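The block underneath contains the structure these notes are about, expressed in structure tokens.
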Amino acid sequence: MMHRKVVLRVVSKFLIPPILVFALYVQFHGDFGPGGGFQAGVIFGAAFILYAILFGVETVKKVLPPWVTRLLLVVGVLTYGLCGVAGLLLGGNYLDYNVLAHDPLHGQHYGILIVEAGVGITVAAAMITIFNVFAGQTGED
Amino acid sequence: MLIMGVMAIAIARIRDLFAVSMLSGIFSLTAAAAYVVLDAVDVAFTEAAVGAGISTVLMLGTLALTTRQEKVTGGKSKGTAAFFVVAVTGAVLIYGTFDMPRYGDPIAPIHHHVAPRYLEKSFGEVGMPNVVTSVLASYRSFDTLGEVFVIFTAATGVLAILGRAGRRRREDEIADETVTARSDDASPDKDKETAS
Amino acid sequence: MSAIYLFFLSLPFAPMLEPHLPALQVVVPLLAAPVCVLLRDAKLSWLWALIVTWISFAIALVLLGKTLSTGLIIYEMGNWPAPWGIEYRIDAANAVVLVIVTAIAAVTLPYAKASVEREVPRPRIYLFYLMYMLCMTGLLGITTTADAFNLFVFLEISSLSSYVLISLGQSRRALTASYRYLIMGTLGATFYIIGVGMMYMMTGSLNMADLATLLPAVDHTRTVLAAFAFVVVGLGLKVAMFPLHTWLPNAYAFAPSAVTVFLASTATKVAIYALLRLVFTVFGGTALFDTTGINLMLIILGIVGMFAGAFVAIFQNDVKRMLAFSSVSQVGYMVLGMGMATAAGVAGSIVHLFNHAVMKGVAFMAVGAMFYVIGSVKLNDLAGIGKRMPVTTAVFLVSGLSLIGTPLTVGFISKWQLVVAALDAGWWYIAAGILLSSLLAIAYVWRVVEVAYLKAPPEGSTGRTEAPLSMLVPMIVLAAATVWYGIDGNTTLDIATHAANALMQSVAGGRP
Amino acid sequence: MQGIVDAFAPLYAMWQSFEAFMAGPGSPGLLGYWIVVVLMMTGFYIVIAHDNLVKKIVGLNVFQVSVFLFYILMAKVSGGTAPILADGIEKYANPLPHVLILTAIVVGVATTALGLALVVRIRNAYDTIEDDEIQAVEEEEDT
Amino acid sequence: MTPAEATAAAAAAGDLMILAILIPVIGAFAVLALGRWENARDAASLVTAICLFYVVTQFYPIVAAGGRPDVVLLDMVPGLPIRLTLEPLGMIFAGIASFLWILTTLYAIGYMRGHHEENQTRFFFFFAIAIASAIGVAMAGNMLTLFVFYEVLSVSTFPLVAHHGSEEAKRSGRVYLGILLSTSIGFLLFGMIWTWEIAGTLDFVPGGILEPEMLQGSMTAILLALYAFGIGKAALMPFHRWLPAAMVAPTPVSALLHAVAVVKAGVFSVLKVVVYIFGIDLVAVAQGTDFLLYVAAFTILAASLVAMRQNNLKLRLAYSTVSQLSYIVLGAMLANEMAATGSAMHIAMHAFAKITLFFCAGAIIVFAHKTDISDMKGLGRKMPVTFFCFFLASMSLIGLPPFGGMWSKWYLSLGAADADKMIFGAVLMLSSLLNIAYLMPVVLYGFFGKPETKADDGHHDADDKDGHGDDHHHAPPSHPLLRHLSFGRAGVADASVMCLLPIVLTSTGCILLFFYADKLRNFISPVFGG
């Protein structure tokens, strides 16, 4: 049904992997430059959305079935939350990263890394979920 | 910013919702540009991705599902009343600006109470050059936790509102949801009512 | 069963976790909520929500006990000291609200099971409980936090989840109600952050206690004045303070019964608390109190709301909507108590917070049970309901009497405290207003009573058909609380006085 | 990231001249805020005056974005740079509002998503997304 | 009993007061539980009534000897507990209410069965609750407690008033509850909280808790007015409308509640407020309180005039009650020992007289199906006992010897003289004349009127022809016992024994009160004299 958009499809096929890489870059570069879990998640999600726009939602669902996105949604949120709990169990307050490693600075680093990962996963999963739901509404009128 | 002003008014006037959605995307993009010049790169990045990207996609998706054209209505009185409310609110805001610290003023209180610690000590305390990340993920990480839950709520909320369950294609959903076998007591009529 | 086992397993850790209770109060339900998505089963997620809410309730009770005995509890998130990090501060005032929220949540859940199964499509039920827990968590977060911006974040969690909860109602009007609430609620939240932004601008801090010490120095500025206005209007929207209440009646009327019970008893209460906290703790030390005439404004709005809400309620034919308008009226009492700006008045507000949560919970539960059984809560369809559902109707009657403010019900205690406060401050006409408005309550409550008891049941109705026990028991428990705390108002008033004192600490010049 | 910043160079130049005007003698230095207020109010007006449900949400977006702009404006320090620590730079913009706005943006998109989802459902249930028409239908139902 | 012994006994009797209130409550639930078995249920009612009366009599020697049983329950609001205290005024009220409850129960059983009322279980349930709250009012130890029971009384009597569920009953129920709740919440509660604000206590203290220096200007008058009008049960005009409205209720309700328990709770409260909250000295000297006297006087006369115009017997009696209640208010407001004594005595005198009248009215309704006085011509010959008792009670109400009513009027008049306000003495005289004017016609019609066989009483002519009220299609006593005991044989067709016994007893009471009035006076004198 999208035969005439061959160019678009080919271009995007080439584009999507770099976008994903870029997303990962943004994810882990957040400590130094602008970026972080949230932006990365959005970009990551955007890649899939782009894919879905061009190749159809069903194709995306084959790659990333709904239960996976749902699972990721929860995993992301819980990663963040449980990282805080870890701080709590290790003798600090909730979300205290200093206690995560022997050196507080390292602890902070780990903490932020984990937390950002959680944010990234959640946001990407959320974006994909929301889009999928909207896209799955077709045929109503 | 003047561009944004023009666009905002255009959004208010234009009735073609497709154009409005695109304009709102561009509006966000311009805002992102403004954030960059205001030294808020992180925010700009996010605004560009979210405001210009995701929101616009969602809007267009909604329009595809609903309608493109806003109806022309003669609600003059409503407009007047709304204008009055807006005028009063705006007046209060403008009134409030008079005692604000001047734009970019380095001696404004916000630059002297909480923020300095972030700028001066965060590298020693958190070890990140990007202060925004330090504050976001460490000093105020609880806010961010909340934020993550907000987006989580939105995603699951959209699932609950629009999810396939209970909609026209409910049957397929039931097919793959083996766990949640329908019980007999919830009458199918009622479900249909919800769906329609 | 495994949950119970886990509970006992975790008991040895209890002392270790004890200092972290303020965080756990919010974190436990927050992290427990997503698990529902994994469970994906109506029964399991219900059970899970039940366990979690009861644990939260237990934590809230412990916290209340601790604050009453030792005073303020401060908890620093991530060990960052206050103005830099986010801080939780629990004093008598928010401990009370925590108990209200968790108690109502805990009592509503058993009730919810049957009613939700009937009103919400089964595949969505697990999402329902997810949203329910998130909503509760959001409310708890608003209550515990001592950071003005963090409040906004949790406000949004609770708001977003309540929009979803409302939209799950059966009627299509639930959708529009939810949408309107979404628009109004977002406007309110945005107003609130404009206000917070202005405060931050003038002080450089977001911490409430910090703001309270910094604001008096700049309280002459127009910016702070505008900030005050925006914060009050923004939260006023959430409070459903007259005339910002327009979203409330439909949202309550068309939401699923269990949601109405929960939201009516908690959401506006928490908003009231937030308003109290900001107006008294944050702005209390400033001169704004006297210069803006805010208290007079609140008093006027409170009184107008009291009368207008009750008056409109009289003409409603849908009992749920009637009760929703009655909520608008009852919010007026709380706003009025706030407007008195005295410890007694605020205590009246807080005690009414509790009392109204209990009695409105009962009322909506009873109405929900009627809806469960006969599928409608239009006044005409309730003819003879007193015979068909005697227990439910009796329970409704108790809450109705409480709404009127007859003695031996909690409504009387609230009214008493508010009238005493008004007379204390020398405003006898306000006292008279409070009493007169309860006369309007007689009118709308009695409309239902007459229909329920004095009209014959319609032809073909089949004898007695009570709601299932799982709905009756929570109802009766809350009704018993309505009566018990109506007789023993001492306990609640005592705690409310503590709470009011905690809130009013920074109020200028040590107002009486 | 510098690339992105550079891409906005012409705009930046415009902005600098604008800034010079605002900070210059005889200017109250508040012009930026005033423009923001106008933007906010435009958004606010769209929300309350328009009947189209999608448009309301667009208005809400405009309103919120303007509020974000307001926060970012206040974070600016003349002559400062983005709050990414680097040697030799003394003046940074205030990072806190940036953090807050990051959070707020997320909240904004979450609200938008929910709102739009509701709009889709409303459209299916009422066959219209004009508020006044829906109200007319509901009033009919009430009587 | 010596005062010392009395004090000791009083201390022990505290818990007994709780029991006194609990008995009817327990009884109520017993009635509910036994609802399916008519006889057992009615027996439960009766047993409860007897138990209650027995318990109440236990207090008499203690109170008479100066003991004041007192018990403090939990605080309802800080510093303000639910408190029960018994003093002579309360003792009288409790005694009357509990004694008459026995008779009324007896009567009600006959009436309800004879009249084929529906929802009898509900009826007896709420009746018992109402009595419990009346006893609570009598024993209230502070204003708050009194208010609580007062409100419970209002609410619990609503189902009795709206018993029939017809449009008329609903409308009347609305008026009834509307006025009672409005006045009590709007005025009484307000006055009460205000008093609490001023005096810091609401306990009933001999001599009053309000001191003249606490009240400036017209405060006393305003407060007193809040109380007087707030206690809507005292039926001061213009808040009297609920009482005639309440007449749609079954007659036992009108008899006990709207001639004794409810209305007496009202005037009793007024009396208590005047004596224990203000203190009669304060009321006597306060400025601006006179207008309440005029309101009371106006109510006495106006209600009597209205009563004359009523053709419905129960309505006529209701307006008569309105008028009589204002005697008591008047006496309280005159604020001297004589007048207050008269008031207190009138509570007892009027109770016995009025309940008799209502019993008779009820008997006429059940056994002759007559509600209108104009239809009762010659009925006295058919129901001689009923009409004779009606006559006796009327005499007492008018205030003629040898009936109790004489004494209360006597003291009230003395009180008016003491207060140098003889105009109110004149009012009392005039009202006695009016009493004759509206009560005597009933008796005269009954004994000397010529029964009209056809004419104006439409659907009731069947009754008059066969003369057997209890054989008629909608009124045969369902219970075999009643059938045996009623005189449904010859020309005399009086009410059943179940109904007549109470009537005879109460009317005898009217006479006995004449002879024992002195005892009554001595019993209450410590309240006013010190």
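All chains are identified by letter, namely A, B, C, D and E, in their written order; residue positions are counted from 1 within each chain.
Convention: a residue touches a chain if its C-beta (ideal position, glycine included) is under 8 Å from a C-beta of that chain, and two chains touch if they have at least 3 such contacts.
These numbers come from a predicted model, not from an experiment.
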Requested in this report: Show which chains lie in contact with subunit B and also with subunit C.
Outcome: A, D
Query - Chain at maximum distance from subunit E, centres defined as averaged CA atoms - result: A
Query raised in the report: Looking at mean CA positions, which chain is nearest the middle of everything shown?
Result: C
Query - Chain pair with the higher count of C-beta pairs in contact (A-B, A-C) - result: A-B
Query raised in the report: How many angstrom between the C-alpha centroids of subunit D and subunit A?
Result: 24
Query raised in the report: Rounded to the nearest whole Å, what is the centre-to-centre distance of subunit C and subunit D, using the mean of the C-alpha atoms as each centre?
Result: 31
**Report entry** Inter-centroid spacing, subunit E versus subunit A (mean Cα positions, whole Å)
**Finding:** 79
Query raised in the report: Counting in whole Å, what is the centre-to-centre distance of subunit D and subunit E, each centre being its mean C-alpha position?
Result: 72
Query raised in the report: On subunit E, where are the residues touching two or more other chains?
Result: none
Report task. Could you list which residues of subunit A touch at least two other chains? Result -> 32-35, 38, 73, 77, 81, 84, 94-95, 97, 123, 130, 133-134, 137, 140
Query raised in the report: Which subunit C residues touch at least two other chains?
Result: 30, 34, 37, 77-78, 149, 153, 156, 160, 163-164, 167, 172, 194, 200-201, 206
Report summary line: Pairs of chains in contact here are A-B, A-C, A-D, B-C, B-D, C-D, C-E
Query raised in the report: Quick one: in the complex, what on subunit E touches subunit C?
Result: 74-78, 82, 144, 147-148, 151-152, 155, 159, 162, 165, 169-170, 173-174, 177-178, 181-182, 185-186, 189-190, 193-194, 196-197
Requested in this report: Flag every residue of subunit D that touches subunit A in the complex, lowest number first.
Outcome: 1, 82, 84, 102, 106, 113, 116-117, 120, 123-124
Query raised in the report: Which of the residues in subunit D end up touching subunit C in this complex?
Result: 40, 44, 47, 53, 56-57, 60, 63-64, 67, 70-71, 74, 96-97, 100, 103-104, 107, 110-111, 114-115, 118-119, 121-122, 125-126, 134, 138, 141
Query raised in the report: Considering the complex alone, what residue numbers of subunit C touch subunit E?
Result: 401, 404-408, 413, 415-417, 419-420, 423-424, 428, 431-432, 435-436, 438-439, 442, 446, 450, 453-456, 487-490, 493-494, 497
**Report entry** Residue ranges of subunit B touching subunit C (in the complex, touch as defined)
**Finding:** 92-93, 95-101, 108-115, 117-118, 138-143, 145-147, 149-150, 152-154, 156-157, 159-161, 163, 165-166, 170, 173-174, 177, 179-180, 182-183, 185-186, 190-191, 193-196
